[in-house]
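Shared chain: chain A. Partners: chain B in the first complex, chain C in the second.
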Partner chain A sequence: MKVAIQTKNNIVYITIQGSIDSNTAGELQSRIMEELVSLNRVIMDLTNVGFLSSAGLRVLLMLYRQLNSNGGKMLLVNVSEEICDIMSMTGFINFFELYSSIEEAEKKFKLT
Partner chain B sequence: MKAESQFQVFEAAPGSLEPIRDFIASFATANDVDKKKIFKLILAVDEIASNIMNYGYPMAGIDDGTIQVSIGCQDGKLRVVLEDNAIPFNPIEKSMPTPEDLMKPVEDRPIGGLGIFLARQSVDLFDYEYRDGKNRNILVVAID
Partner chain C sequence: MSALDNRIDFYPTNEYKGIKYRRGRVLPFGATLVPNGVNFSVFSSAATSCTLVLFNKNEEIPYAEIPLPDEFRVGNVYAIIVFGLDYENIEYGYRMDGPYDPQNGHRFDKQAVLSDPYAKAIGGRDRWRDDSNLKRNYPFRSRLVFDDFDWEEDNPLETPMEDLIIYEIHVRGFTSHPSSGVRHRGTFAAIREKIPYLRDLGINCVELMPIYEFDEFEHSRTNPDTGDLLVNYWGYSTLNFFAPKAGYAATGKYGMAVDELKTLIKELHRNGIEVILDVVFNHTAEGDHHGPTISFRGIDNKTYYMLTPDGYYFNFSGTGNTLNCNHPVVRNTVLDCLRYWASEYHIDGFRFDLASILGRAQDGSPLNNPPLLESLAHDPILAKCKLIAEAWDAGGLYQVGAFPAYGRWAEWNGKYRDTVRKFLKGDHNTVGQLSQCMQGSPEMYLHRGTTAGINFITCHDGFTLYDLFAYNEKHNWANGENNQDGCNDNFSWNCGWEGETDDTAVNLLRHRQIKNALTILMLSQGVPMILMGDEMGRTQKGNNNTYCHDSDFNWLDWSLVRENFDLFSFARHIINFRRQHPILRSKEHYCNRDYKESGYADITFHGTKAWHADWSESNTVFAFMLDGHQAKNGFVKDDAIYVAANMHWDALDFELPQLSENRKWHLSVNTSMVPPETFYPLNSEPVLENQSGFIVGGRSVIVLIGK
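Here is the complex of A and B:
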């Protein structure tokens, strides 16, 4: 798994490539938490995430809670059909906002 | 190339999760299983293998455990068996989240507990047995 984190116009862009499993989830979580000290708007690009397990869902849950507690928000971009299925099975789909492109997600932040 | 069955022994360490998933995926792909079914099967195997690595062996005080992964194709079904010598743990006895639990706001959810739920939901048949000091988790998916 590779993670790239970039900040632009007060938005944290997180681009992940590879698999989010119980081997990689811990590293992902600590990398992201470091960036959220001062910012609370996140766009997470999952275009190149081929696999996500419950360990990955746990990272999303922790981030959601962290952001929610300081009035922030995380938007997910390009979630694969298979990962969408996992989010549906677990009810996570009701709590996350999914967008088909980074531009769509940026529009959402610009409107709020 | 098609093979009727294969097995491989992996070190019970998180670094083995990706090789285990690749092992299952390549066998399933060679047997023309569709992508969505492969994803669900590797998810189920990943969740069970993660549990064995993260809880089963540490709780047994064993730090050099292994997981044997066997996969076979017969009568339109793919059957995966995970075998380990960790503490006896029957995922079927573990209580599953109720539909109400799954509707709970994300803020109120317990962290964890979803792995076994996902594993059991992702396969057509999930079975478990403990025999000769080994846990055997059996996962079956219909492929036609």
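Here is the complex of A and C:
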């Protein structure tokens, strides 16, 4: 798994490549948490994520809870159909907003 | 590092071939995620040593075997914390050394890798009927699960027992048929897609046939006539009591069955539907002394099983072995298991398969005061759970009406089933018994109230409701047992032709009988249960024991909703009729008195002449009236309800009891009519022109409401 993080206009952009599972979940969580000290709006690009395991979904949910408690928000971009299906069957989907492009997600942040 | 991370037991003390570990915590049993590692704990009363065996998922050979040092044992419990495990991708098991001395109850086998009796998930059958690892060594390996599901505001619903309407579901059977139109057929996720249907039907509780992990390939064989593979479809053969059946989850192959099942339960709750599990604690999948050693036999045979004096297995379950439920350790296991499902999965209740076994002592004799049943009844965590017994076993114990209840336990009312069936087919000498059934069987449950009885006419075991009126005899040839299996006393009647027919009169009568049956069921005091698909005329082609068929025999064909829309719409009506009328859902029995001084007793019995019930042996008609002033012990006011059931072949003129207070009789149901006159929508019932009499068709039931 590779993670690229950059900050623009008070939004944290996270781009992930690879699988998020028990081997990578811990690293992902700590990397993102460092960035969230001062900012609370996140756009996570999952275009190149092939698989999200149970541990991976839990990292997303922990980030969601963390951001929520700070009045922040995390938007997911380009979630594959298979991951979307898994998220729906395991109930995780109810916690997230999904967008098909970064521009759409940005629009959402600009509107709110 | 936060203060909480700063504990010395978060770090290893020992190392073995590169794996770091330390002494573990003996409680809780099973494998628990702890900071930096996993705590493993297992008990055995007679093992001489214990080795933890670790596999990478899907690999044949273990990657590590860690013998537990004797100082890691407290009493008879071995515990170890192993650090740095890839908890999503490992599987584990135990090797237990100890005596092989069957005569004294011990069958230790150090060659076997045993699954953990407290494992929260079991690998090996991740996809239904996936035979790719059938020949694998130690196919059933224990796995770790996350227990941090986000339930948000969800809790068990605690619907009052008397308000329940139970719908018995087989997870695969409900949606496996292509007509179900769901994304992932035969799964927990698919049931979720059908919630709108369940709501529309009006039921408020689903009872799931066994969902503990089992092996569908157990005793599988090919039917010589058809070439079909016959499997352990029903699943009454538990591999592990804490693990959900992974093959029932669309996400089982990703190891997410736990989350998928919890999501289903959460969503059912959100829609006002409770979840009861059909649990099998009477035996395990290890069979008798010829069976495989998977877990319990190799960990602690003498503790987990009831053994004969010479060390063989008692067989009160009819399946080879009997769980030693009243052994103090096993009792705790059962309790731990139910507490786990109630608290971790928010399960609303349990139905115990062959529950009479749970009341047997370790030598098999029935106990007067079975400690397991008593503990369950008084358990603080299970305090609001429904506890329902199948109050008999395969060893000849039959306790319907006499199951040790401790003020909590309800029973599947087998007498109700038989009596209603006999009445519907026009047998003589049934009206007296039927009157008891309609009142919630006070002759059995006088001091336990109406909710001691789960009323049912059909369940997974036996004919479907349609087949009850289409077959005189069982037709179990497809089971490959020469039609010797399955019950012979079905009290069924084929309405004039055995099996399918084009004869309109026969088919009309069958539909009418189904409506009669549903009406009696929904208008009886007690807790009604409907078998999945009976509301749309599901058939098993006369097979009354379909335990082995993963096929159309068991898969619900959803096109029947359209084909038999008269049945479906009727079932929906009569279920919602029950829900609208509190007088049908009393917790306490009627007392045959007018304690509200309304001029009528709470229940009165009638015949073709009002106020004159005919209890004679040859009589086949029965009518009763409920006085709405006395609903819910007089705390709620309801309409009056009059029901007349005529199981004579010809129409009969019934004189109606007269109503007071200018109330009039209105027609809700008349099963002798064809749609749209079989029933009238709630609150739109037409007033009867003739308030003093009603001609009830042959083999028909009417329901009137007085308002």
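Assume the second predicted complex is superposed on the first by the 112 of 112 C-alpha atoms of A that agree within 3 Å, B and C clash if a C-alpha of one lies under 4 Å from a C-alpha of the other, contacts with A are read in each partner's own complex, and residues count from 1 in each chain.
Definition applied: a residue touches a chain if its C-beta (ideal position, glycine included) is under 8 Å from a C-beta of that chain, and two chains touch if they have at least 3 such contacts.
If you're wondering where the values come from, they're calculated on a predicted model, not measured in any experiment.
A.B. asks: Clash or fit: chain B and chain C on chain A?
C.D. replies: Superposition result for chain B and chain C: clash.
A.B. asks: Tell me the contact category for A:Glu34 with respect to chain B and chain C: first, second, both or neither.
C.D. replies: So A:Glu34 meets neither chain B nor chain C here.
A.B. asks: Look at A:Glu81 in the shared chain and tell me whether it touches chain B only, chain C only, both, or neither; answer first, second, both or neither.
C.D. replies: First partner only, chain B.
A.B. asks: Using the superposition on chain A described above, determine whether A:Glu103 touches chain B (first), chain C (second), both, or neither.
C.D. replies: neither
A.B. asks: So which one touches more of the residues on chain A, chain B or chain C?
C.D. replies: Counting residues of chain A touched by each partner, the higher count goes to B.
A.B. asks: Could you say whether A:Ser19 touches chain B, chain C, both of them, or neither, answering first, second, both or neither?
C.D. replies: first
A.B. asks: Given 199-207, 217-225 or 235-243, which one is the stretch of chain C whose C-alpha atoms run into chain B?
C.D. replies: Clashing stretch: 235-243.
A.B. asks: Show which residues of chain A both chain B and chain C reach, each in its own complex.
C.D. replies: Shared contact residues on chain A: 21-23, 53-55, 57-58, 61, 85-86, 89-92, 95.
A.B. asks: Going by the contact rule at the top, pick out the chain A residues touching chain C in the complex.
C.D. replies: Touch residues, chain A against chain C: 21-23, 53-55, 57-58, 61, 85-86, 88-92, 95.
A.B. asks: Using the touch definition up top, name the residues of chain B that touch chain A in the complex.
C.D. replies: 14-15, 17-18, 21, 35-36, 39-40, 42-43, 46-47, 50, 53-54, 102-107, 109, 111-112, 114-115, 117-118, 121
A.B. asks: In their shared complex, at which residues does chain C touch chain A?
C.D. replies: 86-89, 146, 148-150, 183-184, 187-189, 192, 249-251, 254-256, 259-260, 262-263, 266-267
A.B. asks: Taking the complex as given, what residues does chain A use to touch chain B?
C.D. replies: These residues of chain A touch chain B: 19, 21-23, 51, 53-55, 57-58, 61-62, 64-65, 68, 81-82, 85-86, 89-92, 94-95.
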